[in-house]
Each structure stands twice: as structure tokens, then as C-alpha cells.
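Letters are used for the chains, namely A, B, C and D, taken in the order the chains are written, and counting of residues starts over at 1 for each.
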Amino acid sequence: MSTPFLYALVGTGLFALGLFALIIHAHLLRKILALNVMGSGVFMVLVALAKRTGDAPLDAVPHAMVITGIVVAVSATALALTLMLKLNAKSGHAELPDDRRE
Amino acid sequence: MGAVFTEFPWGVILILLPVTGGMLCFLWPQIAKITGLFIVFAVALLVVGLAWQIFDNGVYRHAVGGWGAPLGVDLYADGLSLLMLAITALVGIGISVYSATYFKHEQAVLFWPLWLFLLAALNALFLSADIFNIYVTFELMGLAAVALVALAGSREALGAAMRYLLAALLGSLAYLLGVALLYHGFGTVDIALLAERAEPSPIIWAALGLMGAGLLLKTALFPLHFWLPPAHASAPTPVSALLSALVVKASFYILLRLWLEIFGPLVGGAGVEQLLGLLGAAAILWGSVQALRQTRLKLLIAYSTVAQVGYLFLAFPLVAATGVSAWSAVTYLVLSHALAKAAMFMAAGNLLCFGGHDRIADLDRVVQRLPLTAGAFALAGVSIMGLPPSGGFIGKWLLLEAALMQGRWDLVVVMILGGLLAAGYIFKVLGYAFTQADVSHESKAVPASMEWAALLLAVAAILLGFLAVPVLSLVSIGDPFGIGEVRP
Amino acid sequence: MSAEIYAILLSIVMVIAVAWPLLLAIPALHSRLYWPRHLAIVPVALLAVLPGNVSLQLPWLLFGTGFTIDDATRWVLAMSVVIWFTAATMITSSKQGFANGRSTTFFLLTLAGNLGAVLANDLVGFFCFTTIMSYGFYALFVQNGNAETQRAGRLYLIFLIIADLLLFEALLLAAFTTDNLRFEGVREAMAKASSSQFYLWVTFIGFALKTGIWPAHLWLSSAFKSTNQATALLIIGVPVVMGWLGAVRWLPLGEHAFGISAMIIQMIGVIGVLYATLKLCTPTSVKIVWMSSGAASLFIAALGTGLAHPTIWRQYEYLGYPFIASLGILLALLIVTIGWTQKTRHQHPAVALPRVEILNRWIGATRQWGEDTLLGLQSLWHVSWLKVVKHYQYSSHWQKLQDFVAGWNATITLFVLLGLALAWLAA
Amino acid sequence: MNWNAWMPPLMIASSLLPGLIIFGLTEERVRLRTVLNLSGALVKLVLVGFVLWGVSQGQQYETRLALLPGLELVLRAGPLSLLFVSLSAVLWLVTTVYAIGYLEHSPHRSRFFGFFSLCVTATVGVALSGNLITFLLFYELLTLATYPLVVHRGTEAARHAGLIYLRYTITGGALLLVATVWLYTLTGTLEFTPQGFLDSLGAEHHTALIIIFTLLIAGFGVKAALVPLHGWLPQAMVAPAPVSALLHAVAVVKAGAFGIVRVVYDVFGVEFAANLGVLAPLAWLAAITIIYGSLRALFQDDLKRRLAFSTISQVSYIVLGTAIAGPVAAIGGVVHLVHQGLMKITLFFCAGNLAETLGIHKISEMNGVGRRMPWTMAAFTIGAFGMIGAPPVAGFVTKWYLGLGALQAGQEWVIIVLAGSSLLNAAYFLPILHRAWFQEPPSTWPKEFDFGRKETAWMLLLPPVITALMALAAGLLATSTFSPLEWAQFIAEHEFSRP
């Protein structure tokens, strides 16, 4: 088992953990954090997979992707936090209303 | 003259113009409305230019800044992309005209930049040639859409926006993981190159699973539709229209592209398409029944979207033998649903604005006092029900043809049932246009532009029923479905 | 004036004879005219007296119908003119409410239908005009009538509808068999057709219902009992005589011997005559009903004979129409006479006219005559050889027989003689 | 420039455009609306007359517009189409006049006349359709255009009726859609062809074809109110009288019957359908409908409901004539398209007049009404006699040809059905006439409106009188040139002569 593959596995693990947290936690901040963890997992996979087989030079493209991804993730997190704060201000608690259809 | 048209980088401008416009609106809110409207109309003209170019030169490919793949960004447009761009521009105009009088003060200041960003993201998405670019534009679109939903500011809207955001992020992360796997497997993110290099492997399956799940979540295919009704129902009207008409279609477009170019040829026949068809059928039935049960108009329309999305997926199991009609059907359904659903949401918005509520049972005093709006709702309804003459009918006809050619009676029954249920919920609303209720109701005048925007979009959905031949020949430019070009 | 021009003129008169009453039936027209009913009869009266035979085809009317006037038709036409004229005069002179505008419309409609039926030379035309006539007559009959009239009218309507349905079937059968629907054509074709028996019966029953022979006489008795004199006259002139006419025109007479069917028809006729005769003798019966029924039965008997022996029919064909006409006139005459007698005795003829007693009284007079004659015979009888059994007490049976014979009257004698003569002719 | 190709779209536009403009008018613009309505109707009549003349001169009028790759929207003025088009054009004019008079003071007139024009547009479209998909298109349009008319009154009952109407028609439309698409996948064409276009299909497809036929008949049967599918029609009686008149005489019911005629003649072909064995059940179905409708009519006290059940019965004459599968019966069926229209529209106009003038809705209230409204009741009488099939009104011609056709095709049982139906028709119409003419009128009418010395408004009186006279003329002058019968004969020759 090569190192990059290990990293990739860990990344996938993070993704799965994040997903789990996203689903089970009600508080929005936890959910947002969980999403960030998932994001990190994906980025980790990307970075790890930049190492091609054999002695080929490192591929720059995934890194570029990761940078872009981080930018996106930051803005998304910012938006999410703002929304959460607004929701908190309106409803008094930072959780999703449970009734889905009304 | 001709050369200017054919060489001009229409695609790049199509993305840059709205972005710039969004910036301008953001910086100078007082001119936001004018700028916004101007930009939207300009985008429509640009799409026409691009269409001209594609007609003359065939498929459009442009390496931005001359970099080219793999590091640079490629723009690509064939018939399918062009059509998506065109419908975006068209619905965009309607929404902009509507919004120009709908949003006031604070909301207007926020709406225009967000909407122009969203427009830019959509255009970029439809022009993207690689899957990573798609991710970026997809995310941008999602964020803008979430912000737009939150614009209403109410508790429900914020909650719905939050839910939508979580779903969107989850979806795009899954998609991104899929991108990573594909890149690892085949060393490229360019769709065309991937199509050449890809071969059946576990990576393909894993990527399909991840990307598919992500995209289905954002397309709101049953049972992953949970976020859609609240978001669409509680957003401001133009935003609901936008989300139902365009944003949902964008993620479907990606799914369609990936399936056509990469996954379809590799995993076809392994049951995936059957699964999608099954989910589509379930969506039709579930969505329609739910729509029928709703007591509020916007929720009804939102559930109708859930059902209509189902129709798009019915095509997947039908492609195998017939080719042409199934995909043409999908194209047509996408187009007509975009127009009709936008019109429908706008009509609902007018009723809401006029009467101050959207409880269906109390609509009787409202509907008959807004004949144009009622007309818009009815015409849009005709297309949604798939009754002739309308775009929806053409789509349904093609889909039925495909289903019958393969003897898929189960799907036929689902389609017919879906149509009947649709008629049920549409006429549930329309019936209130014909009551004797006296007009003792507090009301707020609805600006004419809002009524006409809805009506014209609905009329466009009807007229689409007569344009099948040119539209289908347009969409076959560059042979996106791999079945040869359709001759008019 | 050349013959051709005369023929054309005659045709024009013929068309006008039918069209003129129809036109006058429009209320706005006849309400502005004096004596509209009489005016309506003028052209047809003219037609009846003008000599010459002419036939006119109107291919655009219905399925291409036509009108014919010839010597045979003229008999019936003349009879109709007389009856209608009398009825018109009666209605006009009466001060009753039934001389209003609406009744004039119905009167004229019925008249037009009647004339059309007489003049029509094909099945469809005949059928069509009799329909107009019958429903018009129904209207004329029930309007202003009392409950009894309405009941009679309802009965009449039921018979009429069933009869029309049957005749329609006959018509279809004829049209299916031949393209030529003129009377001669149909007669010829139907005699040869495989469905001739069926055709015979459908047509026969249809017309029998319309003419009200026994056992379909129910409506006639109610009708005569409850209606006024003018209408009673028209009952004879309209449904009854036209039924006879129809039967003669439609049935394939003189072409084919129908054997058993013809015999059955003959028998029905004879039974009808006998039954009517019996009824006439009962004092409570409405005599005119049974006279009309008896006349109809007599006609049926003759018809049966004609069907059984085509050669005889052909020989005496020319007598058919005069026969119908004279029967009609005879019955009409009876009604008028009754009315007249009554008028002289009562101040309010319209009220008392249909009462049975008056009828009986008139009949009683003739019966007296018959009784006298017969009693003379009876006394002879007694003297000659019933003396032998004079010790026998008159049994009750004997008494009944005697009563029966005593009830015999001159009218019956006449009819029986007429029937016997005809039967003899037929044989 | 081929002007002939413009005629069919012009015929459609002559009612579509006024309709669309009328939608935009405010309630108060009575005069402009009236002018638009009448001029549209007149223009259509002139166009139809012109085309009729042209067709008799051997001209072809056909318009094609690509709808889908391989499928076109075809509008063609063939003989059968023209028969139906002429009927709708004439009756539209008459009904428009009537409707203007009828709705003089009621609300929502712009909406009403807008949909009214749309309804006629759809009917003309149905008539002119040259293939099944065009037919389907206009057929559904008809559903949509008539719904607002049915619920026009806006009462709870009206909306309930509208709902039922929609349930039936939309489901029927869905069946049609399936059948049409299926047929298209089998043959690749949907073009109406005399004697059908399915001959070439092999025996292995016959089961499929039987199912398609059933689906098509079920689809059209909903509108034609064939017996198990007739439930909506009596309900739809809540609509205003001009609507009922139009619905029953020209538009909806007739479109269904016309569809069945088209399917049998120009899709399957009589011979092919007979060989397939589908015509005999159809004939039985029609016969059952005829008897059932008449029986139900007997027990209705509401005048319009009685007329509605009578329609159910009468329209099946058309179907029966088609299903008997002989040239003569075909004449009877086709000609009844026109005859039933003329007669039934008269009856409904009269019923409307009674309701509008005296407030009479029930037969039991009709005592002596003939004295109060003689012209109306005279027209009603002619219509009723036509329905019974008494000569010389048009209904007689129909029954004549149906009966003769049945004899010719060796189906004698039809005669019994016809006779039974006539008997029942007489049983439910004659009592009405008797009441109206020969019973004493009551001292007060349920709800009398004042029209001065006249019996009712002239706009209400003229239409029934005209249609009654037309019904009379159609029977009386049946064999003259340009009579409906002559056209029907022409059509039947067309259909039954092998090229």
C-alpha cells in the first residue's frame, strides 16, 4: 500500500465521517463543520492522487483544483454561517425547523 | 460582417458580461435595475450570436486566453448547450422583467447582483467543457441560488435556504470526489478526452455513484427531493421561478452530459438506467399525489416540479433501442417545463401579491379578478399536463413513442397517470377562476408587467409546441446524443 | 289551349292545392283573411272538377316524390273536398271557442296533409303527408276537448305511432326491394319479392290500426262519444278513409295470389262486419262507431278478396276508389244527418250532439220500420207451420232470437247486401 | 403563392382571432364585442361557402406544417370535413346571435364569448384535421375551451359538473393519446386515408390493432357519450343554454362522433375494421346507447336533462350508421351529424327561451306554454318530430338510410332498435308537446320576464326558428343539390368505392 493511497483512504474516511456528522447533528454549526470536514476529505483525496504511478512528476492540476475548491468552500462556509446567524436571530435557535412540508 | 459574427468569442462574453454586470449592480445599487435588465437582454442577443456561429461553424470550442486543456479553461458549445443557454436567456428575460417591479428597496439591491451572478454561473456551466469547471460553476450557482432563497428574509425562507445550502454543498462535494476519482483514473477532466479514455473499471462505478448521488440530490429526484418544496415555496416568486425553471435543469444537464459522454456507453445495460427510470416513475407519482394534496399554491407548484423532474428520468431506460425520440423528448420536456413552470410560479406570485396569501381554498376571490394571470396559469398548466398544443405535449408524445416502441407499458401507464394527476392539481386551482364569489376582498394592485411576463412565458410554452422541428434540428448540432443529426 | 299547356296548368293547380293550405296555416296569414278554411279548399275543389289526368314528379322533394291526379284519385279527392267543406262550414258557423286561430292552423295542416296523401303517387310522399295529417288531426282533435277527448286522443296517438312504425318498416322493405317507390312499382316488386308475406302483414296491420277496425276500434268509440260534430266528420274523412286508401295503394293487389294470408284478412273483415253488426244492435252502443267500424271491416273483407284473387281485383280495380269514396261519403252523411236531426230538437246542439240517445232515437226510427216488416214475416211464419209447435212455450232462447231479429235494421240490411254483392263480385 | 393552402388556416383564424381579441375587451364594450362575434361568424361562413364551391369544382385545399420530424399538422378540406365545417359555421352564427341575446345582462361576457369562439375554433380544427395527431390536438383544445363554458355560471353545481366533465374528457384524451402514439409506432403514419391505412399490417399486429381500436373508441366515446362513458353529459346541463346547444349539437358530442367516423373510415377503413371484427361490438354498443338514452330520458322531469339523455341516444345513430358497415348506412350515419345538430340545437334554444322568458325549467311546468310562446313551441315541435323520425323533418331521412342500410348489410336487428328508439322518442317527446299545446296554462309562470308584446326577445326567437326551418328543409329537400344528404352520399361513395 503506497503512501498516497493511504492518504486517499484517510480522505475518504474523513468524507464519510463528515457525512455521518452532517446527518445526525441537528445544530447547524455542527452541520456546517461537518461539511467542512467532508470538504477537507475530498481535498485530501485530490492532493494524494496527484502522485502518479511510478516516478512521474507530481501532477499540478489537482493542486490547482484543491486551491479552487478551498476558495469555494470558504465562501460557502461564510454564506452558511451568515444564514445560520440570521436564522438564529429570527427563530431563536440555530436548528432547522423539523416540519419539512410546511 | 459574417466573419465578425463567426469569429467573435460569444461564449466568453456570455460569461463575463453578467459577472461584470453583477459587480456594477453591487457597487451602484441605484442603477441596479437598469443594468440588470440591460445585461439580461444583452445576454439574449449574445446567445443569438452564438447560435449563428454554431449554425455556420458547427460545434463551438474556445480555449480561454489561449491556454487550452489541461490547465486552461475550455469553453464548448453544441446544440444541447446552445439550447440550454437560449432557454436560460429567455426565462431570464421574463424573470428580470417580473423582478423589476416585484422587488422593492432593500431586496432589489440584493437581488440584481445575485441574479446576474447566477446567470453567469449558469452560462458558464452550460459552456463548460470539463468536469472540474462544471464543479466550480455548479457551486457558484448553488451559492447564488441559496442567497436568493434567503432574500425573502422570513423564518421559513431562511430555514429552507439553509436546508437547500446543506443539500447543495453535500451534493457538490460528492460530485467533487467523483471528479477526483475520474481524474485519478484517466488523467484528465476534459469531457471529450474522458469519453475517449474511459473504460469500464471500479473507478467508473465509484465515480458514477458519487457524482450521480450528488447530482440527483441537486436535481431533486425522488427520494432526494426533500429540500426542494420548502425552498421553492418560500423563496420570493422570481426566485422560485428561477430555481424550478433553470437551476434544477442545470444539474440535470450535467447529469445528462456525463451520462451521454462518459457513463452511458460504459455502464449501459447494467441496470442503472432502469433504476433511474424507476425513481423517475416514483417521482412522477409521488410528486403529483403530493401536489394534489397541498393546500398552498406555491407548494403545489413546487411538488409539481418534483413530478416533472421524474419525467426527465423516464427517458434513461428508453434510450437503449430508439435513441432519437427519448432524448429529444427530454430536451423538449426540459425546455417546456422551464417556460411553463416559470410562468406558473409567476402567476402564483401575482395571486399571492394580489390577495396576500396563497391558500388554494380561498383563491376564488382572487383568481377571477386577475384574468391575465389566470390565463397564464392555465396555459402553463396545459403544457405541464402535456395537453396539445404545447411544448409539454410534444415532449410527452416523444416519450410515449419511445416507451411504446419498446413495449414499456409500465412507463406508459405512469406517464398517463402523471398527466391525469397533473390535470387534477391544475384544475383544482383553475376551478376557482369560475366562481360567483363576490369581490369583497382586500387586494393590492398587481403591476401589468408582472402579469404580462407570466402570460408571455406561458404563451411561449404553448408556441414551443409548434417549433419542434427547428428546435430538434438545432439541438442535434454537434450530435450530443450520438445518434446523428436530425434533419428538419 | 294545347294539351301540354293544360297539363302544365293542371300540375300547377295540383301543387297549389297542397301548398296553399300549408301556406295559409301560418297564423299571421289566416288571421287576416275571412273564411280561411274555405279559401284553403278552393284550389283543390277546382282540381277535383277539372278534367284530365296528369302526373308530376318532384325529384328534389323528399326522396323524389310526386303527385298524380287521375280518374281514380279524383273520386277520393272529391269525397275529401266534400267532407272538408262541410267540416269547415260547421266550424265557421259554430259560435264555439274552437274556431280560434290555433285551431285554424291545425285544421289547415291536417287538410294539407290529407290532400297531399291523396295526390301523392309514391310511398314516401304518402307516408310523409299522412304523418302531417295524422298529427295535425290529433292536434285538432284534442284541443279544447274534455278529458274524454284527451283520453281518446292519447289512444289514437298510440295506435298512430305503432302504425307509423309498422308502415315505416314496410316502406324500408319496399325501398330495399326496389328503387322505384311509385305505387305501381312497389306493387309489382313486392308481389315478387321474397318478403312479400311480411310486407303484406306489416302494411295491413299498420293501416288496420289507423282505420280503427275491430279490434283496434277502441279510440274511435271514445272519440265519437266525446267530440263535436265537425271533428266527428273529420274522423271519417281523415284517419279512416285515408287508411283505406293507403291499404289499396300500398298492398300488392292484383299481382299475386296470397292464399292463406288473404283468407285470414278476409276472415278478419267478415268477423269485423259481424261484430259491428252485433254491436249496432245493442242499444247502449254508439252507433256511428260501429257503422264506421263495420264499413271498415267490409272494406277489409273486400281487400282480402282482392289479395286472394288477383285476376278479380284487376277486373274490378276501377271500382276500388269509388267504393272508398262512397263509403266515406255515406258515413259522413250519417253524421251530418244525426247532427241535423239533433239540431232541430235541441237548442244547444254542440252540447247534446254526441249523446247516445239521439243516435238511438234515429236508429230507433229505422228499426221500427224493420220491425214492422219483419213482424209481418213473423206472423206469416207463425201461421204457416209453426202452428204445429204452438203448444210450445216460448223458451227464453227463442225470446232472445226473436229480440235479435227484431233488432235488425235497415242499415245493416243494406250493408250486408253490399257486402254480399261485393263478395259475389269477388268470387 | 398557393392561395388554396391558406384557406384552412383562414377558416380557423376567422374564429380564433375574434376570440383572442374578445378576451382583451372589458365588459362594457358590448357593441365592439358583438361586431367582432358576428363578423367572425360571417367571415367563416363566407370562407366555408367559398371552399365548398371550390371543392365541388375539384380544387384541393390543404395545409401542412411540420409538427415533429416525420409528423405534420395537416388541415385538409375534404368532403367529410366540409360537412362538419359547414354545420359548425352555420350553427355558430346562429348560436352567437342567440348567446348575445341570452347573456344580455349577465357578468363575464367577454370571457364567455372568448371561450365560445375558441370552442368553435377547435371544432373547425377537428373537422379539418387531415391526420390523427392534428385531430387529437384540436380535440384536446376543445376540451379545454369548453370547460370554462360549462362552469360559466360559477355555482357549486356548475363547478361540480365541470369537474366531472374534466375527469371524463381528460381521461378519454389520455387514452386517445396512447392509442395514437401506439398506432404511430406501428405504422409510421397517421394520415387519414379513405379506406384506411392499416391494410398493409400483418396478421401478427391484429391483436394490437383491436386494442388500439378499443382505446380510440373509448377516447372518442367519452365525448360522443357512448353508454358507459356518458355520465358527464347530463351533469353538464348546468351550463347556459347556448353552451348546451353548442355542446350537444356541434361541438363536443359531435366531435366525439366525428372522431369515431374518422377512425372507422379513414384510419382503419370499413372493410378492414369489419374483418378485424370490431364493428359488430361497436354497433351493439351504439344500439345499447340508443335504447338506454331514450329510456333514461323518459324519466326526466327537467327539460334540459331530458334533452341531454335524448342526445346520448341520438348521437349513437351516427355511430350505429358507421358501424353497420355498408354504404347506405354510412349515408345515414354521416348525414345524422348534420341533422341531429340542427334538430337538437333547436330544442335547446327553445328550452333556453322557456327558461329565460318564463322561468320554466321543468316539463311539469310547461302546461299551455304553446299559447304563450307559439313560435318557440312551433320550433320545438319541429325539432321533436325530427327526433322521433317523423317525416318530413330531417330525422326521417336519417332513420330511412339507417334502416335501409341495415337491411342491405343483413343486420335486421338494427331495425328493431330503430323502431324501439322511435317509440321511446315519441313517448318522451309527445307528452311534452301535448302539455305545451293542449293543457290549460297556469295563471302565473314561475318567473316571467317582460318582453312587451312579443313572446320573447328577437335574438332569442330567431335562432330556433331558423334552425327548425333548416331541419325541416334538410328533410323536405333531401334530394336537392347541396343538401346534407347529397354530401353524405358523396362521402359514402368516396369511402366505399375501391380506387
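The rule is short, and it goes like this: contacts are C-beta pairs under 8 Å (C-beta built on N, C-alpha and C of every residue); 3 or more make two chains touch, one makes a residue touch a chain.
If you're wondering where the values come from, they're calculated on a predicted model, not measured in any experiment.
Note on connectivity: the fewest chain-to-chain touch steps from subunit A to subunit D number 2.
Between the interfaces C-D and B-D, more contacting C-beta pairs are found at B-D. Put simply, the chain closest to the centre of the protein, by Cα centroids, is D.
Summarising the inter-chain layout, the chain whose CA centre lies farthest from the centre of subunit C is A.
One simple way to say how far apart two chains are is to compare their mean CA positions; for subunit B and subunit D this gives 42 Å. Centre-to-centre separation of subunit A and subunit B, using mean CA positions: 27 Å. For the pair subunit B and subunit C, the distance between mean C-alpha positions equals 85 Å. Under the touch rule stated earlier, the contacting chain pairs are A-B, B-D, C-D. Contacts from subunit D toward subunit B in the complex involve residues 23, 65-69, 73, 108, 111, 133, 136-137, 140-141, 143-144, 147-148, 151-155, 158-159, 162-163, 166, 170-171, 173-174, 177-178, 181-182, 184-185. Across the complex, subunit D is touched by residues 27, 59-64, 102, 124, 127-128, 131-132, 135, 139, 142-143, 145, 150, 157, 161-162, 164-165, 168-169, 171-173, 175-176 of subunit C.
Subunit B contributes residues 70-71, 132, 135-136, 139-140, 143, 146-147, 150, 153-156, 158-159, 161-163, 165-166, 169-170, 173, 176-177, 179-181, 183-184, 187, 189, 226, 229-230, 299 to its touches with subunit A in the complex. By the touch criterion stated above, subunit B contacts subunit D in their complex at residues 324, 368, 371, 375, 378, 382, 385, 387-389, 393-394, 396-398, 400-401, 404-405, 412, 416, 419-420, 423, 427, 431, 433-436, 466, 468-469, 472, 486-488. Across the complex, subunit B is touched by residues 12, 15, 19, 22, 28, 31, 35, 38-39, 41-42, 45-46, 49, 52, 59-62, 64-65, 68-69, 72, 75-76, 79-80, 83-84, 86-87, 90-91, 96-97, 100-102 of subunit A.
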